[in-house]
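A, B, C and D label the chains in the order they appear, each numbered from 1.
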Amino acid sequence: MADKPFLPEQIADHNARHIAALTDEYEALGRALGRRGIDIDGVKAKVSGFSLALPTWATGRGGTRFAKFPIPGEPTNIHEKLADCAVVQQLSRAAPRVSLHFPWDGASDYVALREEAEAYGLGFDAVNSNTFQDQPGAEHSYRSGSLGAADTAVRAQAIRHNIDCIEIGKTLGSKALTVWVGDGSNFPGQQDFTRALDRYIEATSEIYSRLPDDWQLLLEHKMFEPAFYSTIISDWGSSLMAAQELGPKAKCLVDLGHHAPNVNIEQIVARLHRVGRLGGFHFNDSKYGDDDLDSGSINPHQLFLVFNELAEAEARVPGPTPAYMIDQSHNVTDPIESLLSSTESIVSAFAKAALIDRDALHDAQDRDDPMMAFQALRRAYRVDVSAIVAMARMEAGGAIDVLEFYRDSGWRARKAQERKPVGLGAGIV
Amino acid sequence: MADKPFLPEQIADHNARHIAALTDEYEALGRALGRRGIDIDGVKAKVSGFSLALPTWATGRGGTRFAKFPIPGEPTNIHEKLADCAVVQQLSRAAPRVSLHFPWDGASDYVALREEAEAYGLGFDAVNSNTFQDQPGAEHSYRSGSLGAADTAVRAQAIRHNIDCIEIGKTLGSKALTVWVGDGSNFPGQQDFTRALDRYIEATSEIYSRLPDDWQLLLEHKMFEPAFYSTIISDWGSSLMAAQELGPKAKCLVDLGHHAPNVNIEQIVARLHRVGRLGGFHFNDSKYGDDDLDSGSINPHQLFLVFNELAEAEARVPGPTPAYMIDQSHNVTDPIESLLSSTESIVSAFAKAALIDRDALHDAQDRDDPMMAFQALRRAYRVDVSAIVAMARMEAGGAIDVLEFYRDSGWRARKAQERKPVGLGAGIV
Amino acid sequence: MADKPFLPEQIADHNARHIAALTDEYEALGRALGRRGIDIDGVKAKVSGFSLALPTWATGRGGTRFAKFPIPGEPTNIHEKLADCAVVQQLSRAAPRVSLHFPWDGASDYVALREEAEAYGLGFDAVNSNTFQDQPGAEHSYRSGSLGAADTAVRAQAIRHNIDCIEIGKTLGSKALTVWVGDGSNFPGQQDFTRALDRYIEATSEIYSRLPDDWQLLLEHKMFEPAFYSTIISDWGSSLMAAQELGPKAKCLVDLGHHAPNVNIEQIVARLHRVGRLGGFHFNDSKYGDDDLDSGSINPHQLFLVFNELAEAEARVPGPTPAYMIDQSHNVTDPIESLLSSTESIVSAFAKAALIDRDALHDAQDRDDPMMAFQALRRAYRVDVSAIVAMARMEAGGAIDVLEFYRDSGWRARKAQERKPVGLGAGIV
Amino acid sequence: MADKPFLPEQIADHNARHIAALTDEYEALGRALGRRGIDIDGVKAKVSGFSLALPTWATGRGGTRFAKFPIPGEPTNIHEKLADCAVVQQLSRAAPRVSLHFPWDGASDYVALREEAEAYGLGFDAVNSNTFQDQPGAEHSYRSGSLGAADTAVRAQAIRHNIDCIEIGKTLGSKALTVWVGDGSNFPGQQDFTRALDRYIEATSEIYSRLPDDWQLLLEHKMFEPAFYSTIISDWGSSLMAAQELGPKAKCLVDLGHHAPNVNIEQIVARLHRVGRLGGFHFNDSKYGDDDLDSGSINPHQLFLVFNELAEAEARVPGPTPAYMIDQSHNVTDPIESLLSSTESIVSAFAKAALIDRDALHDAQDRDDPMMAFQALRRAYRVDVSAIVAMARMEAGGAIDVLEFYRDSGWRARKAQERKPVGLGAGIV
């Protein structure tokens, strides 16, 4: 059985060096927030309750169509990926679930895999199917689409694969299947928009019908790539249309990098929540397209505004939290460092949203006072919540300075000795 | 009573000078199409059946927030605007309907106005309400929104105005009300996305309830401007959501310039048609935002792709044609010239779409042959359909070369003598 | 002579209510920064040295092409605008210069105007010419361009106007002329790109030749609006090309909202500085186009990254600071409140950039350690610098909470009694 | 020695079936153009003089970071790629040059390769270096950049590779080296914009110094991908800055898909030509980013507007034609079919630009008559020039219907027997 990556004593030693400074900063912030009528411990408690999932594929170096630059010590199978996820969770205490992707994460014994994860303190989030690549030996190619393909046999193969994913997910304890397809076209005329969507919905209905009652089907839209003229589920409107036709367990999943330039994503979050269809969120950041950069590295204010909508929605209609997951491509960093840093960014954005004085906000909105409504958000965004996030993390057994601890630990260098190297190539796999 | 702007003899004289060349070109094209199995006269008949509406506001010079540069002879009231629309219709034979906008087009006697239009051979298309500007003496300001405003009294005023528009429209013979609102926000936090949409839908429901049975309510979405952070009906997803909640007479209206950069608008057309909610189309062109440029001047291929979807939809589920209207801002041209040129572009795009061999297209789609599917479109797009469009126009009484006829006619110079000048200023009004 | 808007005692009373909290926050932050080796008083001193200019036009409500919604108490002449700028400067202590725009700010006696400003503690920044609108009675129209117009007489009028602006600026003590033109086209073909730029540069050379030796000519590029197909100085490449041909006193001015979607503006700042052509900066924020929203309201991180480049450039080649100015359109707020809030955002971004450990940053860059290079920026961005900014402001005689003081002061309500109302309309003027 | 792919008799047989229809269409178009004062044979002669280069990499299936879907019969070495280029040239008569890319196209004997190409009737265009991927066994990695890398040894390796490319190119008869680098960053702070550009220019200067006198160095800018926060040569301004510092043999190369959304690319062409720095053009099309779609498939009007600028520039300052090359990624088609179809689109755009009445255009521009200036372009764009292009092609020995001939020839099926299969994978190689 797997042990946790680090000894509690190692983490305790690290924290001992930082606790005095942290305490001073936490207390000072506590006084400042107190003057605004905010109880810092209450905020910390909310922060402690927040968690997200890690996708296994983000534990390895990602690449572009031009190249991939592997690093020594990358994980090369599901067991090594789990170990790396365990590092992130042990240090950050905010990433207790892992999201698997098939066939990339195939294992011979999923019961054993579940036990392996549990020993790390990890559970399993949504399972992800892959019908955008051909697998060696596959009977049919997805070159012309999958769930929306014109060829019945191709669709049947894609449906079977998704059902297989559900079966694995049941064993793992997952409660959702995430479906993202690359179906689309590169030429005007290549695809009949309407018939292709009809086929997609019909095929997805078969998957839907095999979904356990307590599962959700998460539909992920994306504007472009790998298709560059049209994409079958290209925007939240198409995603909602499909979800409505599939049934109540079908929900929409929002990825921050899957939209047209300039689009107001936080409003989309509100729109989907309004009709009960906000199923999940994939965190990353982007400047140009589906760049899959580290969360909050490009536009941390947007991340905050998204969490403001999620908090607003939660306050209005309490219900199950959407499935939160990091979905990044770590092309130039140690993936574990990016996951640690990104987790901190995401939790910080959540914490800032928790500081918003919603009564003041609503009051300003109702009085048509845009400046004070904005200031209600800005007063929260401005706060440096690092001390709250670090204190919550430390109290849960994590490290005060996650990046420092990780670098000091020598984890990657050790793994570079143990793990087999990854070859050159291109792409995300 | 108003006479038509030009004598039939004037047009006949013009056509006599061009008929020989046109006939040669029409016959040559007929042979070329015939070799592909296309009957040119059948296409011409389809073209003859196509028509669109002109909005009165497009008969005057438009402007930006920086400036407006009026020209001598602009129309300054609804009667002069009707006369200019009559010019476009008499010459182009493709613009027999006029769309009015209130309060800009207010008249003292709408029965008389209808007769005035009929004398020109014009009817009335959708009526348009205006709750994005304050009118002198208005009780409430739309500075913080209209149908979605937080203030009940503001919403009530906006509802009343829309109902007034319906009443006028009934007198005029209109069958639709187009609602575009500027409601939105310039700051994060300024507007509660969900409550604002709730209010908008509730208010719009009151308007909907006053709609005659054979009318449609056309909801027009737009990404930004005049609001620059969020807009209440910003995209087709929001528009569809609102239409679904309002009822079957509510439809979505697509304007080519109201989308995020890079968005595939022709796919949106297909999506909305698929669920029976495509209500209308506003033609113009754009490079950056809601530029309101002349139709087809920037991206004529996109215009063709839109008509391809409309033709595809019509072939699949025959039904009422969406409400087609030009919606342009003529900032640098004689508005009549832009309307004539744009009408020709739009009719040409329609004609090209009518040339598509749909069986070949579908066959290539079903065989996963992207190149031949694309070529099915390209073979149609490539054709110079000018001769078809001009022949159809001439046979209906219009001019073979509409711009040449109009320039020769001296219409604007004459009107510059008769009409009062428009002052300097900015903006669209 | 004009008195300052508020008595020092009023501000002192306000500050007395806030000083205890501010001191606690400033000291706590000082300890935290001290632990990182940063002297908070040194940062505060840098902050005290930062200042920017206010444009007179931003003291009134702005509008879009659709509408403008005036508020009671708006300034309607240059004297009232100066008074409002004096409010912003007295409270914020960071906006001691005013930028005038002609002919909007025409006065009968510019010597007296300079004394009037000095009594407020205000000086004059760059003067701005206007050749994008026609003035009543103007001999020639700018409808087809100004400095780049095909018509020689139009260009001559535009040149004369710019020279007049220089003359006024000399009297006022300005040291720069900012030239932004709307020249461009709405149709492919309308303008010959090359000949139009040739004419623009030739005309601008005449203006350049009249520039005093210690002045700069600031060229402001913009992607689109009011021209919607092409703009003569549309991007930094065109701006640099023109500046290079004009001579060393010609510099490029960067406005945050004048770029294509997704463009990396901070890199443009670095590029222009690298060749000694970064002349000025117009602060605002945008989500879609030239939205002219409040600085830092949409993307405060971008503002920080811009200041990071400016700090980097200053550290590399110390030299004159670029001309900093706010350039916003206050469509939905009290303009003074937006100027106060925006000034605070801008100064905060400057302060955060001053916190960056440049040695650590460069070291990580040179070691190819993207994560630590990013963390060097993130550690600075994360800090809540409000206490530094407020302390610097207070020590200079300003108010700790500028918005609270302003709202309490009743300034606008008082001015609503004294000033004549602004009429309805559209546009920015 | 290689024979040409097809026997002249095969092509003659094909043409015999189409010549009657083509002649009718050519003559009819000749009459129509003649009525406008245009001599169709003169246009045809211009079309005959137009040619472009094919890049070897476009002869194989391209892919995205997600997947690549190979087809049977793809070329797997430079000899097979040359054979496929020979097919395109023999049928289209417009693609007589091939552009090689190293190390992808490495051969043991470049003298023999040149003879091999000559036997096909092919010459060699610009050579392309590759420092964006690591090669097996390479001493240094380009993971952190190449010509702009912080590490001196990395830059030295990149310089050497480029010099090697020049040496090969000399043997092949090339006259240009095209340099595109992926250097950039994924995080704010990762790269010092100024120092990185300094290093890039210094390194590129060493390459420049090894350039034969009659060569050009073509710098290719690109907004993003593979770097997603910043790119070292991201736009034409940066490209021009580098070219100016390198010297007169350095020119800028424009690729249609390498710009920010909405950018006016035809104006960039005019700007670069104005200062003598327009070195080359990479043809493709795009809707979202560097989609590398088939030329003219998405926006054929833009392609026409680009050729309008090139024709305008040529008319103003006759000089060497920019290096024209197709640069596409054929992800869903038979690459030869895409190259044939794209060549036809490009030649057609050139032919339409040759139809523009430049006197009428300039006259309308000078008279401030936007409508007639636009109509001067539109009258040319509207023409179906297929007959001109096909007639010129046939007279030069090519096929009237290139796609039909190619499909009938069974080339790909035959090659599928002869060539070794390509494996699954992702990316462009």
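Here is the rule we use: a contact is a pair of C-beta atoms (placed from the backbone, for glycine too) under 8 Å apart; a residue touches a chain by one contact, two chains touch by 3 or more.
Molecules present, by chain and UniProt name: A, B, C, D = TIM barrel protein.
All figures in this text were calculated on a predicted structure; none of them were measured in a lab.
Student: If you tally contacting C-beta pairs, which pair wins, B-D or A-D?
Tutor: When A-D is set beside B-D, the one with more contacts is A-D.
Student: Compared with chain D, which chain's mean CA position is the farthest off?
Tutor: So the chain farthest away from chain D turns out to be C.
Student: As a quick test, compute the distance in whole Å between the mean CA positions of chain C and chain D.
Tutor: 43
Student: Which whole number of Å gives the spacing of the CA centres of chain A and chain D?
Tutor: The answer is 39 Å.
Student: So which stretches of chain A touch two or more other chains?
Tutor: Each of 143-144, 185-188, 190, 223-224, 229, 261-262, 264, 287-288, 294, 297-298, 301, 332-333, 370-371, 374 in chain A touches at least two other chains.
Student: Is the way these chains touch best called a line, a ring, a star, complete, or other?
Tutor: Graph shape, chains as nodes and touching pairs as edges: complete.
Student: For the complex, give me every residue of chain A touching chain B.
Tutor: Counting only chain A, the residues touching chain B are 143-144, 149-151, 185-195, 197-198, 223-224, 229-230, 234-238, 240-241, 259-264, 266-268, 270-271, 273-275, 301, 305, 308-309, 312-313, 316, 361-362, 364-368, 370-371, 373-374, 376-377.
Student: Along chain A, where are the residues that touch chain D in the complex?
Tutor: 62-67, 69, 132-136, 141-144, 182, 185-188, 190, 223-226, 228-229, 261, 286-289, 291-294, 297-298, 331-333, 424-429
Student: Would you mind writing out the residues of chain C in touch with chain A in their complex?
Tutor: 21, 24-25, 28-29, 31-32, 35, 261-262, 264, 287-288, 294, 297-302, 332-334, 337-338, 341, 348, 370-371, 374-375, 378, 381-384, 386, 403
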